[in-house]
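Here's a structure for you.
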């Protein structure tokens, strides 16, 4: 039997592996790339790029709890112009398809960034990090309104030459309205979930244990929450869903594929163990052989409700 | 110095301890009560009572992951009438103030249950479990609309002689609108959070690892998420907030008090270790002595943003 | 009375390929445990959230023993406990077997299900009764090596079967049961995997038969309703109303 | 090249009241580690999510040693490792010290900060240079008992101070430094708690001084920006651009 481990990600085309690396946990730093280079990865997503450079949040930026990580990096980056300038040097020869993650404080800002990226040859697509907490002109938290999400996708779509992935925060993934708005506005895929807003206090110092007061939770503890959302959202839209949140093993990845994800993405645990994609691929392959499954999409078709 | 460990819970009056036991994890079963009876508990909340009896969900009903529990009990209970009949026998002499948790599929059902409970002498208050996933007459998920939450509180308020606590699900606690609606409608307090919707699959059997397809996540992994919500909600309303979600130690409880909770409630971990309230009280007492704090409310006043 | 006790490990012996006999120092719990009752053992030092339920295999004035079969994280961790380590145990829990002095009883155990039958056999003999036993295991290596000795003084006749291999007797407990005159016994007590129990239903449900059930438990204390099963009197909590039920009352289709 | 290697524990010795010297079998990482570089040690077998960063204390062709001070869950778990256990280690990581052959150097270490200075002192001597060292500890029991021996062949003059108690010398490294002629040394290398480093800034920042910093890390690989500090060239990742920085470039007000 011939097993097929490739996946079709809508207008982004076919990835040779269903395993991606999540935004903020991939970087072109040499030691990391040396560990990652041979891994069976379908695509990597860059750290989120903003219009202007950002210095990020104050320390401490990370906190480790039992089976979770809380981070508040604050989107530290040099801004889109510098990103464009360095793109070929940095990403030109990494050997994996690249998806560029972007975020803005308004619909216009998203579109401006998307437009500036048109000069690049390399990327496979853009991922819109929609977890922006900013309040918009109507006094609404930018990301809390499905309509606004649709506007971002539409605006980026009309000025970008790349396919768009709409990345949802957990609170955009609790019902289908945000994903549906993104689909209608032309998104090629939906990815979910981003980190869950979280807080931890340093009680003896009477203050937050993270510099920025609160942060985002990721890691294995998130898995059942993310899985439920992937299950629901993948049934509400027709475009592919990229599932992520706490994936730490091949079994975890199979759970997401079975729940309806077309591809999976690894964040936190890929930083802890860059050889995870290979281990996951091995498990997926064993699983398919054991159960006589020929293609990845069959995994979810076999799921019995 | 005289330390004061009591807390004022609005119209419910003063509890002798800030530690409560959460709905669904307290019961009058003899072995449990034998372990719990000497604990410094301010109030216990009953399992949620519904209008008619419910047989609950199919097995398996619980799943344990790394630092979390997923449950889908399905509100198994004998209905409000039987509850009222047995109340004095079961709860008459347990030695702790009792709060009765209720849930309905509609505003009317909530009110009907609340009214039936008026015959009881014992309870300190009612907790409205607002996590009902039912779809209402307007086609909206009942609990997803702040207005509907206000209606439930108002309807119960007008027919019940007990103070009301509005218990929020995580998705009702992501912004202040639900809590504010409950406060405006006359709730005496807000409690949060209920479990987070979650899923886990038995991949080799191609089905959910829990009988009811999905369940609710509780336990230590929830703590940073709950803490963040308690922090935000306690700043949006003027009525007291009862904080819960993953509390497993005195330090955890202090985090919630510092973030703004007036009282804390223990769920999952109280089932694992019924002596937890005593341990928590000891830690709170040590903490207050160490930092020269005279009353529980001072803990949150000392928090530096 | 149910108590929480910090119990030091007195000994931890591997008695089969995947089974350990762990003996804890315990005054309070050991003292009040009745046959068929169980305890909830904390595995928090091993990084687990929930306690794990185990039948009390044996006890004396100052100790209680558990027969722990390694099937997952918790049981594997417990099997590695060293002498002197302190573990928190809650017990005794649940409703045990009822003992009928007058008649001869047959004890039927499968796998680690034998664990709940040792105290029972002792109690039957103490009450002046008599019992035989049939125990089934998957293979010879899974037979606890102390089992014959442990039951020799209390069980008149002890048969041990294995699903595969030829020693001591190939077959399963149901086959053995089909061979004997069922009227010989006034009482049947069964404990083992659900498949085994289900197989026995046609033979034994019309008789005075008690079964000890296993269920996935969260609290083990009767409060969470995580372990409910269906019976002819509605939903019952295995940890509180059981783990011992009459075979007749259980809704076997639901298991 | 940075690799991931499964390393067996060769030995694990308690060398102070809260410090262990753990030696791992390693061919690849040991081989390519330079002074001041660190490794990321998996603690997943102990139930932890993130790796823990440690300087390489010593190495030879087939092994590397870490000096691990027990301060929390991970370090306590590592201190309990037994011979033969396999632990996954990633390394070498970060940018190490630069060595100046020409001049005499002073190594200044506080607490477990001494760990990054041993390979450095060896390298200085190998390069034909010379060095002295001042190490500070909080109290006598925290002084690794092998330290004098470990540095005796490479450091010309070794002073050890303790914050409390009178042996070997009461005081702290800053006091000692204030007593000596700073022009005697062409290079200063400092590693220790941030408070110690900060105290040295007024004395040493105008000189050729390198510091090795500690930071809370998530990845240790340069990808997450969890460990960023402020420098005169903007934000820098301790794990990737450091852990060694010149004292001058660091924005000490931000630490």
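Letters A, B, C and D mark the chains as written, and numbering starts fresh at 1 in each.
The definition used in the following text is that contacts are C-beta pairs under 8 Å (C-beta built on N, C-alpha and C of every residue); 3 or more make two chains touch, one makes a residue touch a chain.
Computed from a predicted model, the values in this text were never measured in an experiment.
Engineer: Report the chain whose CA-based centre is farthest from the CA-based centre of chain B.
Structural biologist: Computed centres place D farthest from chain B.
Engineer: Roughly how many whole angstrom separate the Cα centroids of chain C and chain D?
Structural biologist: 55
Engineer: Just give me the whole-number Å value for how far the CA centre of chain A lies from that of chain C.
Structural biologist: Their C-alpha centroids are separated by 49 Å.
Engineer: Express in whole angstrom the distance between the two chain centres, defined as the mean CA positions of chain A and chain D.
Structural biologist: A distance of 36 Å separates the two centres.
Engineer: What residues in chain A touch two or more of the other chains?
Structural biologist: 66-68, 220
Engineer: In chain D, which residues are in touch with two or more of the other chains?
Structural biologist: As it turns out, chain D has residues touching two or more other chains at 47.
Engineer: Looking at which chains touch, is this a line, ring, star, complete or other?
Structural biologist: line
Engineer: Let me know each pair of chains that touch one another.
Structural biologist: Every touching chain pair, ordered by label, is A-B, A-D, B-C.
Engineer: Can you list the chain A residues touching chain B in their complex?
Structural biologist: 65-68, 70, 141, 144, 171, 174-175, 196-201, 203-204, 206-208, 213-214, 217, 220-221, 223-225, 227-228, 231, 251, 254-255, 258-259, 287, 290-291, 302-305
Engineer: Once bound in the complex, which stretches of chain A touch chain D?
Structural biologist: 24-27, 29-32, 34-35, 47, 55-56, 58-64, 66-69, 71, 73, 76, 219-220, 268-269, 271-275
Engineer: Sort out for me which residues of chain D touch chain A in the complex.
Structural biologist: 1-4, 42, 44, 47-51, 88, 90, 93, 215-219, 221-229, 234-235, 237, 240, 254
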